[in-house]
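Chain naming follows the written order as A, B, C, D, E and F, and within any one chain the residues start at number 1.
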Amino acid sequence: MPPTQFTVEEKYTYLNGLGSYHETEAVKGALPVGQNSPQKVAHGLYAEKLSGTAFTAPRHENLQTWMYRIVPSVTHRAFQTSKIELAGYPSNGKPEYIQVPNQLRWRPFETNGDVDFISGLRLVAGAGDATVKTGLAIYIYGAGKDMAKKQAFYSADGDFLIVAQMGTLDIQTEFGRLLVRQGEIAVIPRGIRYRVELPEGASRGYVLELFQGHFQLPELGPIGSNGLANVRDFQVPVAAYEDDQSDWTITVKFGGRLFDAAQDHGPFDVVGWHGNYYPYKYDLGRFNTIGSISYDHPDPSIFTVLTAPSPVTGTAVADFVIFPRDGS
Amino acid sequence: MPPTQFTVEEKYTYLNGLGSYHETEAVKGALPVGQNSPQKVAHGLYAEKLSGTAFTAPRHENLQTWMYRIVPSVTHRAFQTSKIELAGYPSNGKPEYIQVPNQLRWRPFETNGDVDFISGLRLVAGAGDATVKTGLAIYIYGAGKDMAKKQAFYSADGDFLIVAQMGTLDIQTEFGRLLVRQGEIAVIPRGIRYRVELPEGASRGYVLELFQGHFQLPELGPIGSNGLANVRDFQVPVAAYEDDQSDWTITVKFGGRLFDAAQDHGPFDVVGWHGNYYPYKYDLGRFNTIGSISYDHPDPSIFTVLTAPSPVTGTAVADFVIFPRDGS
Amino acid sequence: MPPTQFTVEEKYTYLNGLGSYHETEAVKGALPVGQNSPQKVAHGLYAEKLSGTAFTAPRHENLQTWMYRIVPSVTHRAFQTSKIELAGYPSNGKPEYIQVPNQLRWRPFETNGDVDFISGLRLVAGAGDATVKTGLAIYIYGAGKDMAKKQAFYSADGDFLIVAQMGTLDIQTEFGRLLVRQGEIAVIPRGIRYRVELPEGASRGYVLELFQGHFQLPELGPIGSNGLANVRDFQVPVAAYEDDQSDWTITVKFGGRLFDAAQDHGPFDVVGWHGNYYPYKYDLGRFNTIGSISYDHPDPSIFTVLTAPSPVTGTAVADFVIFPRDGS
Amino acid sequence: MPPTQFTVEEKYTYLNGLGSYHETEAVKGALPVGQNSPQKVAHGLYAEKLSGTAFTAPRHENLQTWMYRIVPSVTHRAFQTSKIELAGYPSNGKPEYIQVPNQLRWRPFETNGDVDFISGLRLVAGAGDATVKTGLAIYIYGAGKDMAKKQAFYSADGDFLIVAQMGTLDIQTEFGRLLVRQGEIAVIPRGIRYRVELPEGASRGYVLELFQGHFQLPELGPIGSNGLANVRDFQVPVAAYEDDQSDWTITVKFGGRLFDAAQDHGPFDVVGWHGNYYPYKYDLGRFNTIGSISYDHPDPSIFTVLTAPSPVTGTAVADFVIFPRDGS
Amino acid sequence: MPPTQFTVEEKYTYLNGLGSYHETEAVKGALPVGQNSPQKVAHGLYAEKLSGTAFTAPRHENLQTWMYRIVPSVTHRAFQTSKIELAGYPSNGKPEYIQVPNQLRWRPFETNGDVDFISGLRLVAGAGDATVKTGLAIYIYGAGKDMAKKQAFYSADGDFLIVAQMGTLDIQTEFGRLLVRQGEIAVIPRGIRYRVELPEGASRGYVLELFQGHFQLPELGPIGSNGLANVRDFQVPVAAYEDDQSDWTITVKFGGRLFDAAQDHGPFDVVGWHGNYYPYKYDLGRFNTIGSISYDHPDPSIFTVLTAPSPVTGTAVADFVIFPRDGS
Amino acid sequence: MPPTQFTVEEKYTYLNGLGSYHETEAVKGALPVGQNSPQKVAHGLYAEKLSGTAFTAPRHENLQTWMYRIVPSVTHRAFQTSKIELAGYPSNGKPEYIQVPNQLRWRPFETNGDVDFISGLRLVAGAGDATVKTGLAIYIYGAGKDMAKKQAFYSADGDFLIVAQMGTLDIQTEFGRLLVRQGEIAVIPRGIRYRVELPEGASRGYVLELFQGHFQLPELGPIGSNGLANVRDFQVPVAAYEDDQSDWTITVKFGGRLFDAAQDHGPFDVVGWHGNYYPYKYDLGRFNTIGSISYDHPDPSIFTVLTAPSPVTGTAVADFVIFPRDGS
């Protein structure tokens, strides 16, 4: 089966709609009809399910995707401690944060030609603990080069919300490709493998890694059914695959530590998928800013793009909030 | 005990804050301290509780007020069918509404010098049934004279949300006095007796009678903790009483029909009260309008002043919504 | 702008996924990008929003669609009482059901060459009241001819769940076309206009009209994230329009009565739409039947295809349940 | 199989615990082990399930019982309009209540030697509508004789909460026997057949028929895990059956009307049952009264024995409240 | 008062029904009637309440039992660090788990004639922290001998779910005796004392210790009111006591550490008890397996026997799931 | 602007009502009308908002106050490690609690003339972690002197519930003054600055510091709408300010460690405020004790004054419970 051949236009084609159940196939017929896991999948593909939540989560919070791939993802050698170091993490993977009452701000940080998107991550703040699925971590990145040709990464600890402050990230994922430009954000949920190139050179930005639940759009209350970030402005990759039988290294962040596993095929071999658990991107310029049109200012929660709810209604684990130019 | 003597300024003094637990006394010491129903209330007053909800409603929805009055409210003769007719109601009190798919609008309606606030009410629309506490009724009023000197009214069927479109209403209630001017609204909850004068002459407007639950401020979602109608801009009367031993008529709307009862004392004899169930008013000019400051329009729910929730989360029995001048 | 020209294959193309936010345009560029209601819509179209729920419904229950059409839907003459009679309804539109404790069953009913899908509806059972949005009605239909060429219908009272027992229904809707064959069901939500032809001749079946809320997939509990009717097996029309400037009649069921309005253009002029409120169909043969694989039988709720929840958790207004051949 | 032979002591033996899952068999082995509906039930019995709620109600509200009986309950002739009249009901079964604002009280009502428990019922008040499962009805009864030897009754409309004010009721039910003495209450849920004798002569009392949901113990809030009516003081019959092949009449209240069906066997042939939907009784003398031990009086809700919750949290369809002697 | 004398058959008699309110007495009259804590309990017993939840938990989650015993349970000397070591725990009782991304499996582990059920426990995995009531721990046990004659154990940290993989456990508890055979599970909730013998010799298996909440049956969703593990197949001990005035040692697991306290009487002196907090067992062979009877496989959550819910609806702290032979 | 000049009587004037939205101004006109943050506040004051919860908390849990002050609170130098040591805390601010199964009780502890309210605090127990907002800490205090003249304290970690066991505390807060006498309690929520004097000499008592949420009144269940601690018996300070331009030290407890910041003005310069987040006090003698008036004792939860709810309904992070003299 030949790999996906894109025209330039097709390469960055997207499906629209955050939370929607999408289906996409790079080869016609890759997706079974009226069934999820037939004994024989078309083209000899393997059916796998990737779960973003408990199977028993309520429908509107349940996140699952069926993937149809060339080689089962479990086909790899054992994970070993990685050679890559995650700046800011101690060897046991459990940072001890020091809380201080003073407000801090970071100087502009440099990009570094020696590091890629992953090795250039630097932990700057956090709370909670990835191993018991509470809290989050905050990183800066300042990458100066592409990730190695045959290396992929995923975090088993949390979702990566990436804020591309400078430069462009070309992110190849198991689900397809995302081009994330300056002023855009991307979310790569827990467990999804990807590889990042820098088509326009050095890139820097922020990452919020969420250990607890997933990002979602905030409830809008009296704002009604549209406004702030709109559902249809979130973009999801179309299926794209490579049939690559060469040696790859998969690096995982697991419990705050990095591990590497070798495998004799590429991870980006998903020919089709359907479901509602996937990576996505959003152009912050599309934010529909709401504000006071009479007097006073609403609270900054009105600029919330994405929120990660806690079990306490109305209190988030994290809110991703922007201050748009046309807002007050 | 001499009746409340107001300076002009005091007469229209208010307590601020919708939903707050207020306490107010027209005579010092009328309210018992650290207790609600002592065997002997100061000044020989009688303690009564007026319930707006089931006793077992959750705290944040529980509405109750303790009143300390000169004569127990139960001291009246039996109710008889009233001489007043409620325009638009059949004799059994159960209107049969005719639903039509065409949009209707009312011509400006006239005020009438022969009718007061109550006899000038005219049912124009509705849904549900007051006797099983569902739905609402909508009235117009066009009053040309004060209510009779010794007559008070209450609805046992629902809360009256009064929109003063033209003219001023001077509303004497068991809880004190409200002056409702053009551009203001007032809410007189179910079971509270009042009498309306027209200090500036003829007055017209709208009434929404809510049979199910009570009005409350809408949840604000991402707007945060301020905005739209603010809690502190709702105004509640201070206690004011008359020690009136003359003959009065109390008219009640009960199951869609009007009844009268005679009593040998005035109903406005509450010397002090404390609680969170009371009438209130709001100046629509204080509405903090929120809207789009970038593109598109939010839904009109963003102009909600008060809402009456149904058991279905996010779906109201009725929303009272305005289109403020400075909104879009 | 020329109307949609389909190949045969395209005519019955569908979008997959119940509850997903879909977007579709019959003419490229009909949908605005990054905005819903621009001052000038492409091709001179008019933006309209069709609401299936309160604006303030929680996100996962909120149903709204933006439509971009040639003529605003409000452009019609006043509604008049329709010439069509709805069998089983009295003239006031409020059936008085007689409850009997005996089990009833219907003999096979005949189709009738004189009636179309709407005029062939016959009310056979029901509960509640459409005018206060409670309960449902059940009809049989036995149509022998197409609806008139220039006539469209919608129910303002409830969603129509149509069970095609015999024959095929070709349903042209504002959102596009649905071909509903024997063994399939379709749901046309409240307020959506459509016209039914019978491409294979006489057709009979059942209709459940739901006055309260909307159908949704049941929560699955321990069954997990797949099973019973799967999200992706529900099919939604792609946008298709006619630019028809001739005279049409729109018939509405409103409060249990039928009304007609004349207009000088066709209603099927929606060139593009996006949202999550739309008609859909489902092939019952795709039902993923779950049952006991050891002993005893589960309750028949395990065969639920769609459910309409009431405010009491776990108790439905109506469940649509099938007894599939391969079930027990 | 010989019928249950009781010693006097055994006849009024009870299982303790409201809401508990009980199992009881009058003949050893009547209940299947590790299974509910085996192909062959012991002793040739038929397995039937009686449902008090939707199958899909949450576990803690789900009410169902498996019954194992000699003849299937469906074996009867068609229901006909009954010869018995239900005092206070019009012929269409839908009372039109007249609401009046005056407080009413009943004179002591007489018992009547010509009527039994059912024919002696007289509707005195109510709200809502049994046919849409809302509200309740209130009756008095003043029975002077036993029900006919071969007659049983059930209400398909609601649960009967019977307050035995004077005299004793010996109630034979499908689930076993309840002896309800003066000062006790009994609840016979919807759909359960029974027959009432008066072992001590004339009897009078009250009945609350609940159309909506079922009675349950109130949540206790800060009172903690014991107090008011305690779970274990509610008593449930043990299985007891008659193998009676003679002619019986079953009378049902259905939609406010009475119907009779003839059958050639007795309805009290349930040899064993297990589940949590059953009749029960409670001795009001066991009520654990809670009150103020410092100052003021709590609201009368503190004397709630049983409550029937509505969809609005904290607001009941009906509360059954007593004023115990040792309360304040 | 002589101790309970069982026939062999009676020794392993059980009450049926998980979650039911049970009452049982080994000596007639041990339980007070219509009261819980009389000043004088029959037979000179002491009334004690054992709480499984906060007093204010909602009724359907509230777990409490009243016990009537010979000597108050508080009559013991101070706890000292125990001589028994809990394999896998550090001296401060707080294991530091090391998370690795590789899948692990245990070789068959040996039983050891030198250890009993408690000293043979070995911690193999875990998450969370018993001292703040989050998470769980997983142990294997491989016991070769009975616990010492006069020694009892309880965990103050969590509920023990014991999976008897090989051999039989005869568990004497404060509530009575449980015989747990191969293929059965038992749950001993937090705070209940017990002693384990091995009537058939060496025994091995697994223990899940749950620090957070308690196990319960999963909600069944569309499966309805029966299926998976049925309520009535869970078995609860009948009261059984020993009047033992000799010296005993009570060992407690508290905050991850073991402590011993000496006392001059046996802990198994509960003559009667009533409530809904108790140990229980379940025969996995009675599991009512549900699965696909058409195509595809449901998620493994369909094999859930017991679940321990977290505050996030649909996400468990732990699910106990089996793969039954007759399942897929 | 001259500082607040109180008569003795006015100094300890209070606003009544816990949870109410209060407004108070020490100088007439300090509060803006119909607006919260005008560009120019009267008297040149600065508007600040103090948030007790997320902006998006539901209305009935949302705690926010607008303060109008002379100098913005942010005007201070950087925080440095404080010279004051918090007894019982290690230098990293994270106590390692040792759990023991024995019951402990404290001997009467001494007051110490060398320490004030803050330096006299001694940590005696706790659970959870302030830095992730879980759990609580318990302190004793035994203060012998006033806090330094120009020093104020606040906890950024939690609310202080202060139980004044002996002696009187005169607490000057940003919101006004509270005089807390023996037998009273006070709550100073997180983030509010205060200074404590001892007008009657040495004082000792207890402090519960709550890291998670805030204290609230318990739901009352069937007790109804009054009882236990009543809303109106909680007392809130009236605004009182000092216009102090001298040097002050602000000490904060942050992440379990103390820090000091210098500033050139006093913190008690709030001239007016409105909102529902504030300190308050309560006289335990006003507790309306409820108990059994028949037999048995309710659980001690019936003596709950204040509760701090956890995400698990009915289970508190902490309950503050008293055993009143007139209770049982």
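Throughout what follows, contacts are C-beta pairs under 8 Å (C-beta built on N, C-alpha and C of every residue); 3 or more make two chains touch, one makes a residue touch a chain.
The structure displayed is predicted, hence computed values, not measured ones.
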Common touching chains of chain F and chain B: A, D
Shared chain contacts [chain E and chain F, defined touch]: A, D
Distance-maximising chain from chain F - centres being C-alpha averages: C
Equivalent of B-D within the choices B-F, D-F or E-F, defined by over half of its residue contact pairs recurring: E-F
Furthest chain, CA centroid comparison against chain E: B
Chain C and chain D: spacing of chain centres that average the CA atoms, whole Å: 42
Distance between the centres, which are taken as Cα means, of chain F and chain C, whole angstrom: 58
For chain D paired with chain E, centre-to-centre distance based on mean C-alpha positions, whole Å: 37
For chain E, residues that touch 2 or more chains besides their own: 36, 55-58, 62, 218-222, 224-226, 295-296, 299-301, 311
Every chain pair meeting the contact rule: A-B, A-C, A-E, A-F, B-C, B-D, B-F, C-D, C-E, D-E, D-F, E-F
Contacting residues of chain B [partner chain F, same complex]: 16-23, 34, 36, 51, 55-60, 62, 64, 217, 219-222, 224-226, 230-233, 274, 283, 285-286
Residues of chain C touching chain B in the complex: 35-38, 53-58, 61-62, 78-79, 92-93, 131-132, 156, 213, 252, 254-255, 257, 259, 261, 311
Touching residues (chain side chain B, partner chain C) in the complex: 96-102, 127-128, 134-135, 218, 295-297, 299-301, 311-316
In the complex with chain A, residue positions of chain B that touch it: 218-228, 287-296, 298-302, 304, 324, 326-328
